[in-house]
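Two complexes, one shared chain (chain A), two partners (chain B, chain C).
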Partner chain A sequence: MNTWVIARNTFGDSLRKRVLLIFLLLAFVMLTLALLLNYFTAREQSTIFKSTQLTIILIFGALISITTAVYLIPTEMERRTIYSVLAKPVQRWEFFLGKFLGGAMTVAFMVGLMSVALILVLFVLAAKPQTSAIETTAAAFKMNEWLARCQHEFLLVLRAIIVLYFQLFIITAIATTLSLFLAPTVNFAVTALIWIVGSFQSFLGLSEGILTRPLYYALPHFHDFNIMGSIVHPFAGFQVNHWAYAAGVSLYAVAYALVIVLAGAAVFDRREV
Partner chain B sequence: MLTNAQRRLLFIFLAVCFIGSAALSEVLRPGHQEYLRAARPEADAGVREKEAEKSVLAKTSFQALIPTLLGVREVLASLMWVRADDYFHRGEYRPILKMVRQITAIDPHQLDVYATGAWHMAYNFMDKRLIEDGIQFLEEGCRNNDSVYDLYFELGYMHYDKTKDYRQAVNAYRESSTRGTSLPGHKFAPAYVRHQLAHAVEKMGDIDAALEQWRTNLKLAKDTEDLGLKPGQAAGPNTMAARHNLYITERRMNERLAASAERAKDAAEAHRLWQKNLTLADEWLKEFPGHPDVSKDRQVAANQVSRLSAGKLVPLDQTDPKIRFTITRIAPRKLQVEGSIDVLNLARIWVQFQDKDYLTRKARGFDFKMNECTLEWENVQIRQGKFKHVIDLDRDPADMGRQPSEIYPLKADEFEVVFTFNPRLQAAFIQDRYGWNGEGLTAAPELLKVDASRGARMEGKEYPLRYVEKVVVLKRDDILGKEKKVLYKSE
Partner chain C sequence: MAVAIRAEGLTKRFFQRGEVVAVDHLDLEVETGEIFGFLGPNGAGKTTTIKMLLGLIFPDGGKAEVLGYPAGAQEMRRLVSYLPENPYFYDHLTGGELLDFYGRLFGIPAKDRAKRVDSLLDLVGLRNDKAKQLKQYSKGMMQRVGIAQALINDPKLLIFDEPTSGLDPVAHIEIRNLIESLRDQGKTVFLSSHQLSDVELVCDRICILNYGKLVKAGRVDELVAEGRTEITATGVPAEVTGRLTELTGAVKSDNEKIVVTCSDENLVNDILDVIRGARGRVISVVPLKRSLEEIFVETVGLAGPHRRIGTMNTLTRD
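Showing the complex of A and B:
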């Protein structure tokens, strides 16, 4: 219960931060810029739009999650508000977990807003006949076809956003835990570095060597979250059960984030504040 | 603070979560590998081995590596495509050739990049040597996107329209017609793919197969109409087009076979074939009473049946087109070809200029081809039995600011000018006169080519392709000389 109250307050505090709103505004501007690509065919426009917008959401989502998380604990300490909270019957782990969940809720809210904008624009684009030049001349707007396309796009984007969000969930967990040890600016850089190395993993061959294998499991597998190809080119013959994979990768994110957050809670529990 | 027992529990839970996450990552590994595999261009997998493409891709390794590592290959490819499109709208075509190869190396599922890139190569550069590169680019796109019809259709059209290799066009259209689409809810290739297939089979000369394809198209069209889809759309059932084309193809086959039968003075066979056309028209008119064109066809068929029933044979001789021409150098790098040919008005003669051993030379690689080989052609129209064309090798055909020597290096010692009258490359009404396979053509033995490998079928009978061709060999100095000079004149 305490955790939930702290999470809710953290969420409210985070939404009042101007820097997050600026990121959100920038993301919206970039989302709407895609409408300027109207001179492409519907398929090209959809490919370009989805790939750029999902990347924008990922990058701005990562910026928002790191910027939110690196200040969660340090700000409380700096303002000394942590003492008044911990003076109440609140366990330290509850406080830490509440802070993390508040950060994760903030990221979810921001990503949710950007996703709504993305989906709305995709619905507009779906009204354009999704046909080749030969067919376009004969094709007229049909409500049932438009609804079918909207549903198709919605499910694609929903899957992408779920996977994308859980990637940010891990980033939030890492930044929150590292904030116990590092100054916000250093934490920002280190978390970003972990994100990049985690995305590189399968190409660095970390899973191959005996020495690098522990590192492979210790580092988050951000590369597993890269499903962009299946969202942008759903026809491309991926032999994967997409929803099962999305569920699996989300479960992995929860498990990995729990490891990080529980380790952080254990440290915070014994730490002098 | 947590008690020691709580801390122990916490660490046990933490360890369980860690082991769980490691196990999950192993479970996810095959799925992740599949996402990687599907996103990997086949070119990377070693299929594309030609020197030409290696040299182009070697310059793109960095661009290909970065997006692979960061997992944003699709977005980088998309942004590069926006840039390439910008080049196109500014009329700067040259960077596009390299960019489209880079984009598809990064993201091999960009269907429009393959289609548009190949179109640039085969059409917009107006460099005939690049047509085969456009074809190869599309073939690569087909391999990388084998589950959808789109690029097979583009490949079929490029063979149909540009290389006039109808056998290859048929192969590509056939593949296309069996594939699904990239659109949600569209499991089958649109009807126009199967219609193009039938047209290509007809152009190839295999009329039996063309008729079979039109029958299949008509049946599919009726079946989809029964599902409640609106007829008369290029992508939809398009029942009328299928029915019309089936009728026309069958009618024309009977007419052509009847003409052959009359040439062979086989009145009974000619009668049988015209009677078939009469029956065909009657069947059509039963369904569409009073149809004006079919009524006319019926009248023609009825007249022919009456004539043949009365024993009046009018056998038409095979036609010798009697090609005569002169090749004149009118300026350095400019050859005027002018001549006469006894064929129907608006027929076309194919005039091709190339290195004498072009096929051998261009096989030495892309760079060699672009630096050393020359290829140009034109399908020249014949008006009132005459044709005239200037092979201008002293210009950039696309006005892109290139030096003429970039497009036409003229570095071989000898060149060929090839004149071909091929019935397969003619409009339908011209083909009606000389046959799909040139059955109605004849010429001097050194000019008449009979090619069984490109033969075709009508009513189960094999027909070799007959066409007329004359080759003239010129020296490099003949082309580069300054003053006006007649280089060749038919005897």
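Showing the complex of A and C:
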């Protein structure tokens, strides 16, 4: 119960942070700029638009989640607001978990706003005739076809956003826990590095070396969250159940974040404030 | 009388460029229903002690109990409230929302919470500012809302760290009266303050901390009493004045008026009998008192190295 009260308060507090609003504004500017890719056909434009926009949401989502999480606990200490909260019948773990969930809610809200913008633009693009570059014949607008395309696009983007969000969920957990040990700027750099290394684990060949294998297992497998291919080219014939895969990586994210947050809560339990 | 706070050998060390003993084997007992003044110069270890009592930091030695529970226990925090020095609260909230937030942390049901928030805002004179964001509050208003949040759970023990800091004289008196009314309601108040005049007026007992050690403790009335009485009278004949001088050794004459200073309580009635017997008129009988400020300065001294204005403070222990 206290966890939820603290999470809600953290959410309200975080939303007023100017730096997050600046990131959000920048993301919207870039989302809008991508609309200027007008010289492609509707299908090509939709494909390029989705891949660009999902990348923008991922990058700005990561910036927002790290920036939010690295300050969650340090700001409480610095402003001394933590004293009056922990002097109440609030368990340390409730406070820590509440701060993390508040951060995660902030990220969800920001990603949600960006996603709404993306989906709305996709609906507009879906209204154009879905021709390829060599089929330039104008086609009449048909409401039923448009609604079907909207539904299709919506489900695709929803799946992508869910997977993308759970990636940010892990990032938020890592940055929140590291904030117990590191100054915000160092924490920002370390969390960003973990995200980058985790995203390129296969490329870096971490699973192959004996020395790097423990790192491979310890670091979050962010590369598994990259489902861009199946979203951007939905008809390419990937032989997997996409929703089951999304659910699988989301569960992995929740489990990974839980372990990290519980470890943080255990440390925070004996931390002097 | 039951004990609200008991500390035995409470010790806290910090390691900042060497070891600093912030609280040094502190023994303390605060009785229920009293206002207890917790005094000491800056860096004496007052806030550190309070933080240990609340479980915000952990002692390196000794133990403390609050309302019968180990210091910092969750059950204890349900019955205690705390107003930090220079309180900072979530300034994105309004005054009403802030109290509601703290009320939720105590699990107070929504209906009771709403009533309690309104009555507390009334009590501290912020009813009309309920919907104003805290970032628009003045320092005095912040202090008042801090006091209101400290009362949200109807606590048995209130720990106030400089509750009148930043308040104007009228608000100052209101808060002092509020503290006294809390005692009248049977609550215990643990008051850490530099406002020695307030402490002298409201506290039943005090203790003075210096360099983390308890250096003086006792009832305020006993500490400030000098044990001397000053009797002023007129119309006393010269030969009687001589007798009074023999009795007390301290008589001053000023025209018609004489001032007799008596350091033996048992002699006061004898002196009055002598004056009245000589048909003199007693104007006043005043037990002489020292101020708490005098006692404080005498106890902690004026020239501690960390208290000199304009020198580097190397002992930041609070």
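In this section, the second predicted complex is superposed on the first by the 264 of 273 C-alpha atoms of A that agree within 3 Å, B and C clash if a C-alpha of one lies under 4 Å from a C-alpha of the other, contacts with A are read in each partner's own complex, and residues count from 1 in each chain.
Here is the rule we use: a residue touches a chain if its C-beta (ideal position, glycine included) is under 8 Å from a C-beta of that chain, and two chains touch if they have at least 3 such contacts.
Bear in mind that the values here come from a model prediction, so they are computed numbers and not experimental data.
In the superposition on chain A, contact of A:227 is made with chain B only, not with chain C.
In the superposition on chain A, A:256 makes contact with chain B only, not with chain C. Of the two partner chains, chain B is the only one touched by A:148; chain C is not. Of the two partner chains placed by the overlay, only chain C lies in contact with A:90; chain B stays clear of it.
In the superposition on chain A, A:48 makes contact with chain B only, while chain C stays out of contact range. Judged by the number of chain A residues each one touches, B leads among chain B and chain C. In the overlay built on the shared chain, the residue A:270 is in contact with chain B and with chain C. Contacts of A:32 after superposition: neither chain B nor chain C is touched.
The residues of chain A shared by its contacts with chain B and with chain C are 91, 270. Contacts from chain A toward chain B in the complex involve residues 37, 39-41, 43-44, 47-48, 51-52, 54-55, 91-93, 130-132, 134-135, 137-139, 145, 148-149, 152, 196, 199-200, 202-203, 217, 221-230, 232-241, 245, 248-249, 251-252, 255-256, 258-259, 262-263, 265-266, 269-270. Listed in rising order, the residues of chain C touching chain A in the complex are 51, 54-58, 74-75, 77-78, 80-84, 86-90, 92-93, 101-102, 104-107, 146, 149, 153. The touching residues of chain A, when paired with chain C in their complex, are 1-2, 5, 9, 12-13, 16, 79-81, 83-91, 270, 272-273. Chain contact summary for the complex, chain B toward chain A: residues 1-2, 7, 10-11, 13-14, 17-18, 20-22, 24-25, 27-28, 31-32, 34-36, 38-39, 68-75, 77-79, 81-82, 85, 107, 109-112, 145-148, 150, 180-185, 190, 192, 233-236.
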